[in-house]
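Okay, got some structures for you below.
Both of the next two complexes hold chain A, though its partner changes from chain B to chain C.
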Partner chain A sequence: MSDDQMVTIEVDGRKLEAKAGELLIEVTDAAGINIPRFCYHKKLSVSANCRMCLVEVSKVPKPIPACATTVNNGMQVFTRSPLALAAQKGTMEFLLINHPLDCPICDQGGECELQDVAVGYGSDVSRFVEGKRVIPERNIGPLIATDFTRCIHCTRCVRFGAEIAGIRELGATGRGEHMEIGTYVEKSIDSELSGNIIDVCPVGSLTSKPARYQARAWELVQREAVAPHDSVGSNLHIHLRRNQVMRVHPKDNESVNECWISDRDRFSYLGLYSEDRVTRPLIKTEGQWKECDWQEALDFAAQGMKKARGGDGDQIGALVSPTATLEEMYLTRKLMGGLGSRNVDSRLRQGDFRGEESAPWLGQSIADLDNLNGVLLIGSNVRKEQPIFAHRLRKAAMEGAWVGFVTPFELDMNYRAEQLVSSPAGMISDLAAVAKALGLSGSLVDDAEVSDVHQRVAEKLKTAEKTTVLLGNLAVAHMDYSLLRHLGALIADATDSVLGFLPEAANSVGARLVGVAGGDGLDSLAMLNSPRKGYLLLGVEPDWDFWNPSLARQSLSEAEFVVALSAYRSASLEENADVILPVAGFTESSGTYVNAEGIWQSFNGSVKPMGEARPAWKVLRVLGNLLDVADFEYNSSSQVLEEARDSSTIQPGGNSSTPGELNVRTPAAGLVRAGDVPLYASDALVRRSNPLQKTNDAISAAVHVNPQVAKDGGFSAGDQVMVKQGNTGATMALVIDEAIPDGCARIPAALSGTGELGGQFGEVTLEKA
Partner chain B sequence: MGFKNAPMTSAKPVEDKAKLFSSEICSEIDRWIGKFPEQWRQSAVMAALQVVQDDNGGYLTQELMDKVAAYLEMPPVSVYEVATFYSMYELKPVGRHKVCVCTNVSCMINGSDRIVEHMEKKLGIKLGETTGDGRYTLKEVECLGACGGAPMFQIGNKYYENLTTELVDSILEGLE
Partner chain C sequence: MANEVCLRNLDQDRPWLLKRYQAAGGYEVLSRILKENTPPDEIIEEVKASGLRGRGGAGFPTGLKWSFIARNAPGQKYVVCNSDEGEPGTFKDRDILRYNPHQLIEGMIIAGYAIGATVGYNYIRGEFWEPYRRFEDALEEARAAGFLGKNLLGSGFDFQLHSHLGAGAYICGEETALLESIEGKKGQPRYKPPFPAHFGLYGRPTIINNTESLASIPVILEKGGSWFKKLGVENSGGSKLFSISGHINNPGVFEIPLGTPFSELLEMAGGMKEGSKMKAVIPGGSSAPVIPGDQMMDLTMDYDAIAKAGSMLGSGAVIVMDDSTCMVKVLERMSYFYHEESCGQCTPCREGTGWLYRVVSRIENGKGRPEDLALLDDMTVKIAGRTICALGDAAAMPVQGMLKHYRDEFEYHIEHKRCMTGG
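Coming up: the complex of A and B.
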């Protein structure tokens, strides 16, 4: 029977058309016919173990599960017949045997699938008089609270771990009455998508730990938002009560995040309520910070900017967080333009600005990633950078796609992939060798030494049907990014692959569209290398948001005047800014993000900004008015958006890369730093989410080297070492890690203790501290 | 993709598997692996656990289960699931002779209660316990498929059927 053959079935007397081979429950769901279920989940494999979806089917003597029954032509289904109802009620009675009656103190209460179905199918009095099974609380980490006494063994969480998260951490151990879900050994759940098991759990076994006992489901109001971290642009539901965000859930969007979100998107909201939120404007006079009113702060800011600018607009520059909204970015650029400056950039973590590139977008739709046959990722720890993309790529890999990485340290994978691990300089030669294996020539390529691995990569990319070459955050931060991009483009071209980028942040693509990245002024490194007299910082923390934080602090501290629009105060900001204007954080302001695919996603503010904080676009507007910038009257962010949309000439399209000079800057010998930005260090909000900071993905500053490098230097694990990078230095612990290649030291950036160092990539030396 | 295939394998197989166990155990596990299609190494998990348990004096430790997982390239929790599900795997030390006495329907009807009571009294231990000298462990198990000879128990690889209290005494005394 071919898959697209249509059949007609009858459900409760209703005729339904369906594809042959479809599951009965899919067909009834699509038709809006409700069949109760617990273990079935549209994104997970069918296990048919809860038996709640039993229905009567003609010519079948017993009730059968709708989730595991495929439709046949002429099939007659009865979902509410006496036989079906008796089966469903019987199942319900069994499920409730061991389920505690603790709904009044259960966080799932009010939004519980078991509770809902029990109302329809449960009996009012239990016939079960024996003792109920009790399971002690298990600690599985800071994000998820467990109460397995409530578990009905649907195994959705187990299947989620195996099939979606890709690490089988949970299992069902024991048998019968003694079966329990858990990790068996005391251990935390470490998947970057782990929070989704809260959503898939139909009962209150797995609930959000930070949100535990905070609110009842019926007190919450639901608003929509877009995730402000990575470039996926996951759609969110914000649940609030009395102007406070209580929790964040995914909003289904099949073409973007399906029904999942990363833990970063789910738990970062807790950073909103950090103690270092700025709630009143702050100005610094004679080295002392004091709170003041908006009028004074804005005047102070405007005067300061005007003075720093002097007669030359080029003397000032704006450094914008790539998680700022499109409206904020557009107004920043317009404001700077009004002051005669074209120096605006949001590519704060880019290590090399040679050459030219098109708007760095994915080059394809997000859903396309599922169907790839071959993928080469250059400098991307995609699982810890854009977890939802990693999930999409894993789906492709599970269907047989070949996935390869060119990476400066071995990545922790949840499927089998080919990893070409070599030092930062080696990454360039690896790519050059792949290019050579493809028969290309030119500088860089000609001298490459081709090994079997390179041949294999070339072969895979050439022979596979749908292929792509993607550049990630580590490539962008590489001191020879332009070379990696150039070689990536050559390889993509020679293999008929799509060249794409995995943009770092929620609005990296948007920044490009409104000229905040890749405009004709100075780039972020140039702005810091040849210091400006005045800076405007939007959502930026000098210690943590720059490729080279030492350089950033140096240049900012020497500037005459620095205006910071920020939701938080931090030591490095207080040290370097002259005025801090408190702006709205995540969920507090309306705005637009353009995701990696180029989709414009607008959202409204869900809660009022904290204290006297105001949406950044309003602050920028008033600054524009005070500085007499023309055409700066806006009444709403949508007006700004409209203007931004009209002015944006760039459309994400085919990616291109024009190389600059082709000389390699990365030292070939010695020890070179590879500085990745850890998952939970990516932006100001995440850095302040306490539960995320307690996970195993929240690593602390350390220098990771392989055993050989440690031995050569006479270090042992745990030693405090002095890391010297150019004229900067910091002391941190040494970690011996087999995943690091020779000639490379992995020293993550954006962590407390790494702000004293230089660029994310660069030569380092290690000394005993 | 179903639950049973790809996700059951680990992303990063241990390279030097021969180091995990002695060469005899490795070759015995390999013999079992050989009975299944190449991509289904994990199918040998039950046999592998048995081999490892026998070698370890009759019980498994978490370390051993982790090694089996590494050897078969599967997630450790999948091995824990198997080891906790079946009654023939022991997760704590047991006596030299594990007496697995069936108390399921046929045996119960034919007087397994009496057999259990007798043994408990004789050995001075309850079901699930081990004698102080480490000689015997009493274990209650479900049907072992020897209903024709009920009541019965299993010691080591041997079934003892049509048990009477006298027979039980002589069997137990015949063991070291």
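Coming up: the complex of A and C.
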């Protein structure tokens, strides 16, 4: 029987059409017929262990699990016959005998699958009079609270770990009644997707640690939002009580995030309540910061900008966070335009602006990633950059796709992949060699030395059916990004692969669509390299959000006037800005993000901005009015959106890369920094989420080198070393790490202590401090 | 007419040695098959004709099981032997491993040939150190003699055989838990379907049979399926090993034709101990419901007769109890076993076996309540037939058997808070 053959079955007297081979529970779910279940989860393998979904099927003497039974033509199913009900009630009784029934103090209370089903299938009195099983609390890290006494052993969490997160830490140890869920050795669950086990757990055995004991489910109001970090644009449910976000859950969207979200998207909301939120406007006069009212601050800002501009609009520029909304970006560009400046950019971490590229689309739909047969990722630690994309690629890999990486340090993988690990300069030669193996020629390519590995990569991309070449955050930050992109494009072209980008941030693509990235003014590096007299900063922290933070601070501090729209204050912002206008944070304002696929996703504000903060689009509007910019009357963000949409001419489509000059800037010898942005350092909000900052992914500033490099320099692990990069320098600990190739020093950026350094890529020397 | 199949060489000195086995005609069937290139279907037909039913407990026809394998499907296939022998009361496979390992090896190679498998595993109970060593030595001998390895006897057929020592879990005797265990995972049964014939070891087509089933093969093929079948009775072909224990004079393993009266088996085992009167018999391992002694004396030892009496022949483990035995205590002991050995995967068994044990235990300890027997009845219904593997049924059936035949003893315990047998 072929799988797409249709069959007819009868469930409780209702005729249903189904695909042959489909699971009965899928068919009944689709038809809205409720069969109770605990272990079944549509995204996980079938384990059929809870026995809650037992139903009666004609000609089968025993009740059988709907979650593990495939339908066949003419099958008659009874979900509520005496036999089925007796089986379901029997299971329910067994599940409850050892369950603590501590619902009044359980965070799952009110949204617990066990509670819900027990109402329908449980009995009022327990016949179990023995003592119940108790399991001591286990600490599995700062994000997830455990209470395994409540566990019903459905193994959804274990299967999630093994099948989705690709980690084997969680398991069921012990037999029979002594079976317990846990980590074999007590340790934290380190996965960028770990929080999803909170959702898959049907009971209160795994709950959110930060949200623990904070609210009852029925007190919460649900709103929708779009995740503000990476370019996936995961759909979220925001749960709030009064005016506070209490927790964040995924909202199902099969074509974007399915039913998952990354831990960053789930737990970053806690950064909203950080102590350094700005709640009143601040202005600096004679080096002193003082709070003031909005009128004064806005006047001050408008005057300052006007003065800095003088008679030449080109003297000012705007540096915009790529997590700003489309509306904010559009108004920033329009405001700058009104002042005669075309200098706006959100590509704050790009290390090389030579040549030209199309908008940084994924080049395919997000769901397409699941079905790829071959993938080459260039400079992408995708698991820590866009965790949901990593999950999709892992799915493809588990189905047999070949996945390769060209990377400046070895990546921690949760599936088998081919990694070409070489120094920043080596990345270029590796790609050139792959291009040569494909029979290409030209500058860069001709001199390349082709090895077996390069041949294999070429072969894989050429022979696999659906293939793609993707550029990630590390590629964009590379000082020869334009060369990596050019070579990637050549390889993609020669292998009939889709050229795609894994954009860094929630609105990297949106920025491009409204001319905030890739417009005709100065790019972010140029704006800092030839300093402007005035800057407008939107959601940006000088120490952490720039490719070269030293350069950024230098240019900002020398400017006549800097106006910052920000939700937070930070030392480097206070040092460099003249006015800080408090703006709404995540969930506090309406807006739109355009994700990697090019989907425009608008959202409303869920809570009121904190204190006197205002949505940035409103602040920009008033600034525009004060600066007499024409056509700057907007009553709603949707009005801004409409105008932005009308003005944008770029449509998702094939990607392209036009090379600029093809000389290599990366030093071939010496030690070259590769500065990745760690998962929980990517933007102002996540940097302030305490629980995320307590995870093992929240690393501190350090220089990572391999044992040989350490030995050559006479360093041992833990030494404090002075890192010199151009005319900048910082002291930090040395970590010896086999994952780093020769000629490379991995020095992550955007961490406290790295703001004193130069570009994310560049030559460095190490000295004993 | 005893010891004609698996224990046919028991009368020899050190019968486990290759030369002894060969002297008695061992490996000749295999050699003939390899030389003549016997069509596999012929072998399977012969096994079908023999009426051999799985000796591991479920009694599934072995030939039929082999015919489920898509012999010509490409890729690796496996033969797995179940020597886990964990069912309380069962100790027959141990004797095959100790005294006749080569017959098992020969049987497995033939099975491999018949289904197109080139690799076999023998999963041996963790506590069986001596049998394991014996089997390993036999493997060495067989390899050296060219019966295992590549290109057996120049036939072009390869067969490798490995033993795998268990780690002491009863559940690893369940065929799919056993496969998981070989794969290095936690020994937990898989949901079926798919059955091992389609998705077995490492996801490949696999046949898994009990030690005795596989060790019977060479003799069946030597003497013919109908010869074997005629040893036994209708629906119960062949002879079978019985491990008999309890209050008898001469406990041990006896190979007798199926259909032999129980009374004869009891006689072979030396009869009841001096001065003791038979009370009850568990005829097929601890999972089989108990049968009162007088009823048992009228039964023959074959699948149908025992089933008709409401129990099962199972693995052929016969436990004989005299009238000093307290049935509540027996059940408490058995329930404890299943409670401890449940893998914990599925709800009715994980929770139910513990609950069963606690209720039986409190009756035994004088804390029973009048409603407890109804509770036990109800629980067994809610466990049996609703679990992933048959351990749930195995835990429920002894309870049902005891409550059917010895309910009064339980009632007495509850009411008087002590035992009516004085035990």
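Keep this in mind: the second predicted complex is superposed on the first by the 769 of 769 C-alpha atoms of A that agree within 3 Å, B and C clash if a C-alpha of one lies under 4 Å from a C-alpha of the other, contacts with A are read in each partner's own complex, and residues count from 1 in each chain.
The rule is short, and it goes like this: a residue touches a chain if its C-beta (ideal position, glycine included) is under 8 Å from a C-beta of that chain, and two chains touch if they have at least 3 such contacts.
The structure displayed is predicted, hence computed values, not measured ones.
Enquirer: Looking at chain A, does chain C or chain B touch more of its residues?
Expert: Touching more of chain A: C.
Enquirer: Could you say whether A:R127 touches chain B, chain C, both of them, or neither, answering first, second, both or neither?
Expert: second
Enquirer: After the superposition on A, what does A:M398 contact: first (chain B), second (chain C), both or neither?
Expert: first
Enquirer: So in the superposed three-chain picture, is A:A162 touching just chain B, just chain C, both, or none of them (first/second/both/neither)?
Expert: first
Enquirer: So, does A:G174 touch the first partner chain B, the second partner chain C, both, or neither?
Expert: A:G174 sits against chain B and chain C alike.
Enquirer: State whether A:E219 touches chain B only (first), chain C only (second), both chains, or neither.
Expert: In the superposed model, A:E219 contacts neither chain B nor chain C.
Enquirer: Have a look at where A:S45 lands relative to chain B and chain C in the superposition and call it first, second, both or neither.
Expert: first
Enquirer: Does the superposition put A:Y415 against chain B (first), chain C (second), both, or neither?
Expert: A:Y415: touches chain B, not chain C.
Enquirer: Show me the chain A residues, by the header's touch rule, that chain B contacts in one structure and chain C contacts in the other.
Expert: In chain A, residues 47, 171-172, 174-175 are touched by chain B and also by chain C.
Enquirer: Please name which positions on chain A make contact with chain C in the complex.
Expert: Interface residues on the chain A side: 46-52, 54, 61-63, 65, 68, 86-87, 90-91, 93-95, 97-98, 127-128, 130, 152-153, 155, 171-172, 174-179.
Enquirer: So in the complex, the part of chain A that touches chain B is made up of which residues?
Expert: 44-45, 47, 159, 162-163, 166-175, 183-185, 398-399, 413-417
Enquirer: Given the complex with chain A, which residues does chain B contribute to the contact?
Expert: 1-3, 6-9, 11-12, 62, 75-78, 80-81, 84-86
Enquirer: Show which residues of chain C lie in contact with chain A when the two form their complex.
Expert: Going through chain C, the ones touching chain A are 169, 171, 186, 191, 339-355, 358, 375, 381-382, 385-388.
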